[in-house]
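So, here come the structures, one by one.
Shared between the two complexes below is chain A, which pairs with chain B and chain C, respectively.
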Partner chain A sequence: MTGAAGMTQLVFALFCAPFLLGVANRAKALFAGRAGPPLCQAYFDIWRLFHKSVVYSTTTTWLFRAGPVVSLAATFVALCLAPCGGAKAVFSFDGDFIVMVYLLGLSRAFIVLAALDTGSSFEGMGASRELQFSLLAEVGLLLCLFALAWKTGMLDASSICGQLTVEAWRQEAGVLSLLAAALLLVLLAESSRIPFDDPNTHLELTMIHEVMVLDHSGPELGMILYGASLKMWILGTFLVRLVFPLRTGNFAADLALFGGAMVLLAVGIGIIESTMARLRLLNVPKLLLGAAALPCLAFLLSAGG
Partner chain B sequence: MMANELQKIGNAEPVALLKIPVLAISEWREAVLQEVRAGARICALFALPPRDSPVDPADGLARFGALKSRLYAVLGHDREAALAVCATDVEKAYPSLSQVIPQAHWFEREIAETCGVIPQGHPRLKPIRAPLSDAPFFEVAGDSIHEVAVGPVHAGVIEPGHFRFQCHGEQVFHLEIALGYQHRGVERALIGGPGLRTLHYMETLSGDTSIGHALAYVQAMEPLVGIEPPRRAAAIRGIALELERLANHVGDLGALAADVGYLPTASFCGGLRGDFLNLTARICGSRLGRKLLRPGGVCFDLPENAAVEFTRSLEGALRHVNEAAELLWSRSSVLGRFEHVGVVSAETCTDLGLVGPVARACGVKNDVRADFPSGIYRHAKVAVATHAGGDVFSRARVRWLEIQESGRLIRSLLSELAEGLAEGPILHEAFRAGRAAPVLAPDRLVVSLVEGWRGEICHVLITDRNGRIARYKVIDPSFHNWSGLEMALRNQQISDFPLCNKSFNLSYCGHDL
Partner chain C sequence: MPLFLASIFAFIAAGILSALPRKRPRAAGLAGAGGAVLGSLLGIASAVKTLASGAGETLHLSWTIPYAAVSFQLEPLSSFFLLLVFAVGLVTAIYGQGYLRHHHPGGAAHTWLFFNIMVASIAVVFAAGNAILFLMAWEIMALSSFFLVILEGEKESTRRAGLIYLVVTQAGTALLLVFFILLGNHAGSFDFSRLASAASLPMPLANALFILALVGFGSKAGFVPLHVWLPEAHPAAPSHVSALMSGIMIKTGIYGLFRALTFLGPPPSWWGWALIAVGFVTSCWAILFASAQRDLKRLLAYSSVENIGIIALALGVALFGESAGLPVLTMLGATAALFHVLNHAAYKTLLFLGAGGVSIAAGTLDLDRLGGLLKKAPWLGAGFLVGALAICGLPPLNGLASEFLLYLGALRAGISQHGFVQQAPLGLAIGSLAICGGLAIASFSKAFGIVFLGTCRGNGSEHWHAPGLAIQAPVVVLGFVCVALGLLAPFVASGIASIVQTHGPFKGALAAFDPAPSLRPLFWLAGANAGALIAIALAVWLRRALLRGRNPGRAPTWDCGYSSPTPRMQYSSSSLVQPIAWLFGAFLRPREKDPQVVGYFPHHAEHATETPDFFLERVFSRVFTSVDGVLSRLRRFQHGRLQAYVFYILVTLVALLLWHLEVVR
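Right, the complex of A and B next:
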């Protein structure tokens, strides 16, 4: 039963991940007084890209072609480890969240290698920025997960999330809200949203993530887009499981609740993007260090208490 | 103090070519230097190539041989409302001014490019229109230096230009801008005019400054014919020029907000820019003000009954701009992006002769409307807005202050129209349809300055002995300001370039001509 439930969650995630992008964009459009693109625009884009042919630069090698494929595969495996819904993840074992974080790291490493493989100055710049910032974001994410593991006394992601209940919030609201804030920052940074990156900009010189994938085209660009939405779903999972501890016990109802919470999260991202400007690139590491400092503070608080 | 030997003229005041002193090159150099030391700016520095010579060597007035180019320098004394003009004849080369007067460097590069006259000792002699040259770019060598080339094809729908950055990590050591991709040969096409196309060329010198350039042109033409436009026409010209400023400044505030990813102001201002363009369209049917101006007046009136509705729309749009701008100024994340980014010092600004809102954002209080008032600005006084920071914030802030001042000016001009102070025709009878085209005074030079929304627009018109255009020099404010952008980027983060660029918002085609 748990296996089947895990699979259902996984399929749900695979289908719904691009929808979050549509929701965030719609929220931004409403704030700006525009109608905005259709909610399913990300699906249309991915569909369109998968029907296109690919253009390869003559300066690139196999690394460039391997990049999107390995990246998507690694993200997919990471998704299998994430408890996105009420039930256990498809794979669950002690320390699985560490594997998950480094699978996401592997995924990023291949995008970066593919970017460097093109030899373009833009992509080199993007790769350098991505590595610098993700190095800091990774610290924040890992510390958050360690803190959660320590608080709940569990070692696998599914059980950790299972322990995040209303009762836990009643006892440890301070610590948990610090962790939630840190997770939100990591989520925004990793999914290249404002205030870290601007997903809408056309200005190559200011981009972080987008500039690394300028040379990709067709299905491979589709894979990157889809992989990015899966990554957002994975990171969103932990935040949502932490912030919305309500559960009914019924698998279908829990999954629906979870899906609804994810949509609310996307709306929240849209609101954040609509109400603040992007940070100067110089200040991005400072905010990310802040994101890493929050779980440290959580450790101290709970050690002291 | 102005040196005695130079001819002093006012804005749009023709002067006979014979009255302009033609100095020996060393004296000319000394005179220009003296003027600049006395606080003058170079408004124009250009060459009249031998083939465009207004004086036929055959008719006994062969003051320069067929192989000599004549260099004209037009120097503006902003505080004295006076322009000094002097000329010199040069053959193949002359000692460059740029060694001692940095603001001459771009002009001298253009002179070398168009006439083949070499300014010797120029620190960076290279054509300013890149596609014509294969001259190398500046290169910085050393450990972890990398070069980034952007353009001429850009990711957005903008004009073509090439930017070459020498970077150390994210830090820009040097930026070199190569333009010229939009060179159309406009100045050459204007020779022999004015003709039916001339006004159209003016309105498309830089499409977003149609009114500004057309106004500079008609303002140069009218004194050569010896007429003054009717007062009502002058008021309507003023309204159109200020509407153009409003539309572009509002659009710029929106674009600055978009560049830092602040959506509310970006989307509001994008729409509001259209409101101001539509107001221009309500006067003449064209959102960019095409075919509104013509020598002798304007072609469209603002009828009495339409003025009330016009004022109401204007007030509404200004109120909305106010709200959108308040959002911008109240957001600390936006201010954090604007402040201390792309700083140009007041010294650099004066050295390079920057103009317009860019100069006023460095605390330099130059504005043609106040310094060289012409047309309606002789009656309507302008409060010049300045801000001392020299950064992106200052440039945005100056635009905002100018938006309010333009709103005030248009209101007062509208009430002037409504109260009947400016009753009368809108087109001088010499230019009514069906009349033979008036003849321009021969052998004259006239300098026409207009404060367009980007800054000082300078047109220099020289007529030949038949009253045709012998040389028409256009200096768009962008011509002065592109080098300011290069300086603004020194030691900045390369990721801040788009923001700095937008805060200057210069014209490519206005520069390339």
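Right, the complex of A and C next:
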């Protein structure tokens, strides 16, 4: 039963991940008084890209083609390890979240390398920024997950998320809210949202994630888009499971609740993007250092208490 | 045992043989390398035999040198390290033959003498069962590697590197001498078996011995701040020697610590703290400096220091577990330490051999003159990529397996403990691993990306060529070893765990401990590795299916409307990590030369950055300069007149005689 439930929520994630982008964009559009693109625009984009041909830069090698492929594959395996719903993940074992973070690292490393393969100074710039930000964001994410494991006394992601209940919030609200703040920062940074990066910018010099994929086209760009939405789903999972501890015990109802919470999260991201300006690039690391420091603080609080 | 002795004999005989015929360097080189290959195969057979049977063998012959004995003990812990040294020796000997032929056509046959002696002496270090023999082999190892480092001694930088190496290693040996004398004095013997079974040491003596071992062995392993010789010696040495030094020679320091701990009795908790602190500083400091380097081999050398730091962390966690009575922590920590030794031997050998391939293919190791080598040497590049991903601990390769064990051990024990003092070192271990992971990805994205991707940043790339089979094949083979170790991680780990359990320094708590349940997650990790490989294959199939029947177009890289980009406009090695260097500027202290722009149409402007080693430049140089200033007054006694020296000896002897008479009376 648990295996089937895990598979169901995996398939749910695979289908619904791009929807979050549409929700965030719709929220932004409503804030700006526009109608905005359709909610399913990301699906249309990916579909369209999957039916196009590709153009390769003459500078590139096989590594450029491997970039999106390996990146998507690694993100997919990471998704299999994340408990994205009320049930256990498809694969769940002691320390699975460590493997998950490193799989996301593999995915990122290949995007960075593919960017360097084009020999473009713009993509080099994006790679350079991504290396700095992701270094801090990865530390933040790992420490958050370790702090959660430490707090709940569980070693695998599914059990950790299972322990995050209303009761846990009643006892440890301080520590858990620190971790939630850190996870939100990591989520925003890793999915290239404001205040770290602007998904809508059209100037190469101001881009971070977008500028690394300038030379990708066709199905490979589609894979990158889809992979990015899966990654947002994975990171969103942990935040949602932490912040919305309500559960009914019924699998279908829990999954619906989880999906609703993810939509709320996307709306929240849209609100953040509409109400905040982007940070200066030099200030981004400071905020990310905060994301890495919060779990340390949480650790100190819980070890002292 | 006969296999092992035959192996040592083969190394030494072939080494001497290669040094004899001055006139036929080609034959001499073949003799040296051939003997090394034969010796390595014999040694591997011997080590595998011991590891498979699990039974130890000893050989003990008395010797005329006081307290010394020709004593070898081939037990599983030694054999584990012996397997590594012979395997690395085998690969580097095959590679070295091709490498030397390219870099020193005809002139370097005598290096096989030192190479073979070095491999043999490392093997003796691992197998020695007597402290005097151990120290002798230790010195021979240091000196033979010194002569290999200064192979290109006509360069000023090489001579400097050799000198720094010599000073550090001799200082370390001096401490080890004190260590073994104190220990032997207490036990009444210099045989390892007697040292291990001697009466328990008084605590102050044990603490002093631990510090001596930490510093003495740490200078060889490269703990910060004693790491200063690595970034100098590795770039100076020929690549196959760098691979041997980094892949296995620095691990003699780790082996020494393991051995020393078997002599020192139950550890107090501060030993674990100390090693974790050393590991934290070493790993984070070194990987930070690795990211700032612009010479490929210097970068790799710093990364070796980082990995030594991770091994120290693991060992510290194991010690901490031993003192806190947590067998699961001891088990996972010690297994992670040895597993990381194995992993690092695989991928760092690969990377140094790959760096040698780069220098053969492109004639330089300066990152800012490289780029786009993947097109000329695809197999070399693919192998290097595997090594680079593995050293960052990324799945589906072997690097994650050992780090995963360490993470898991620290996490498991951290959960079961309460209170700040019990939890903080484990949190520190986890934190430093996390920081190192991100910085390693940055360093090695730079190492691989700048060398192999994009286009050449310097001149002369039209003369670049793929290196020969003898250069590329070992790199590719080691790449497969990294994949295989990732997939077979649970089996390797359980083998190592049984070695730790029976022959490690942690006998007390582990005797009745079943390691199997705590290692079970490794099966899942290996499964995730396999899953990642399958997912990659599926994604490749998906890409192919989507592109079926479509013709990929070719176009120049998107240049943002700028009409004539040049390769010089690419991001360079320094600019790629500039944000990181800026963020950690307080530690790195890069030296920058800013351009002076004068006038409305400036002609010439220069910008340069370099990141010298903090400890070498600002600590050791200053200390040694002031010491030199004091001691230079003594130089008047050293003038080269032999009769005066004989007079000094006479005076000393008479003084000693008088003192002796005084004492006896």
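The working rule: the second predicted complex is superposed on the first by the 305 of 305 C-alpha atoms of A that agree within 3 Å, B and C clash if a C-alpha of one lies under 4 Å from a C-alpha of the other, contacts with A are read in each partner's own complex, and residues count from 1 in each chain.
By our rule, a contact is a pair of C-beta atoms (placed from the backbone, for glycine too) under 8 Å apart; a residue touches a chain by one contact, two chains touch by 3 or more.
Keep in mind that this is a model prediction, so the values were computed, not measured.
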{"item": "First (chain B), second (chain C), both or neither touched by A:146", "value": "second"}
{"item": "First, second, both or neither for A:267, with chain B first and chain C second", "value": "neither"}
{"item": "Partner with the higher number of touched chain A residues, chain C or chain B", "value": "C"}
{"item": "First (chain B), second (chain C), both or neither touched by A:256", "value": "neither"}
{"item": "Which of chain B and chain C A:276 touches, first, second, both or neither", "value": "first"}
{"item": "First, second, both or neither for A:181, with chain B first and chain C second", "value": "neither"}
{"item": "Touching partner for A:194 - first (chain B), second (chain C), both, neither", "value": "first"}
{"item": "Contacts of A:121 with chain B and chain C, given as first, second, both or neither", "value": "both"}
{"item": "Partner chain in contact with A:28 - chain B first, chain C second, else both or neither", "value": "first"}
{"item": "Doubly contacted residues of chain A, that is, touched by chain B and again by chain C", "value": "121-122, 124-125, 128-129, 204"}
{"item": "Chain B-touching residues of chain A, taken from the complex the two chains share", "value": "28, 31-34, 121-122, 124-125, 128-129, 194-195, 198, 200-206, 273-283"}
{"item": "Parts of chain C lying in touch with chain A, wherever the complex brings them together", "value": "371-372, 374-375, 378, 381, 385, 389, 392-395, 400, 404, 407-408, 411-412, 414-415, 419-420, 423-424, 427, 430-431, 434-435, 437-439, 441-442, 445-446, 448-450, 452-455, 520-521, 524-525, 527-528, 531-532, 535-536, 538-540, 542-543, 546-547, 550-560, 565, 567, 569-571, 575-580, 583"}
{"item": "Chain B residues within the chain A interface of the complex", "value": "146-150, 155-156, 169-170, 257, 259-264, 266-268, 271, 331, 333-334, 336-337, 341, 493-499"}
{"item": "Residue numbers on chain A that touch chain C, as the complex places them", "value": "50-63, 65, 68-70, 72-74, 76-77, 80-81, 91, 93-96, 98-99, 102-103, 105-106, 108-109, 112-113, 116-125, 127-129, 131-132, 134-136, 138-139, 142-143, 146, 149-150, 153, 155, 204, 214-215, 218-220, 223, 285, 296, 299-300, 303-304"}
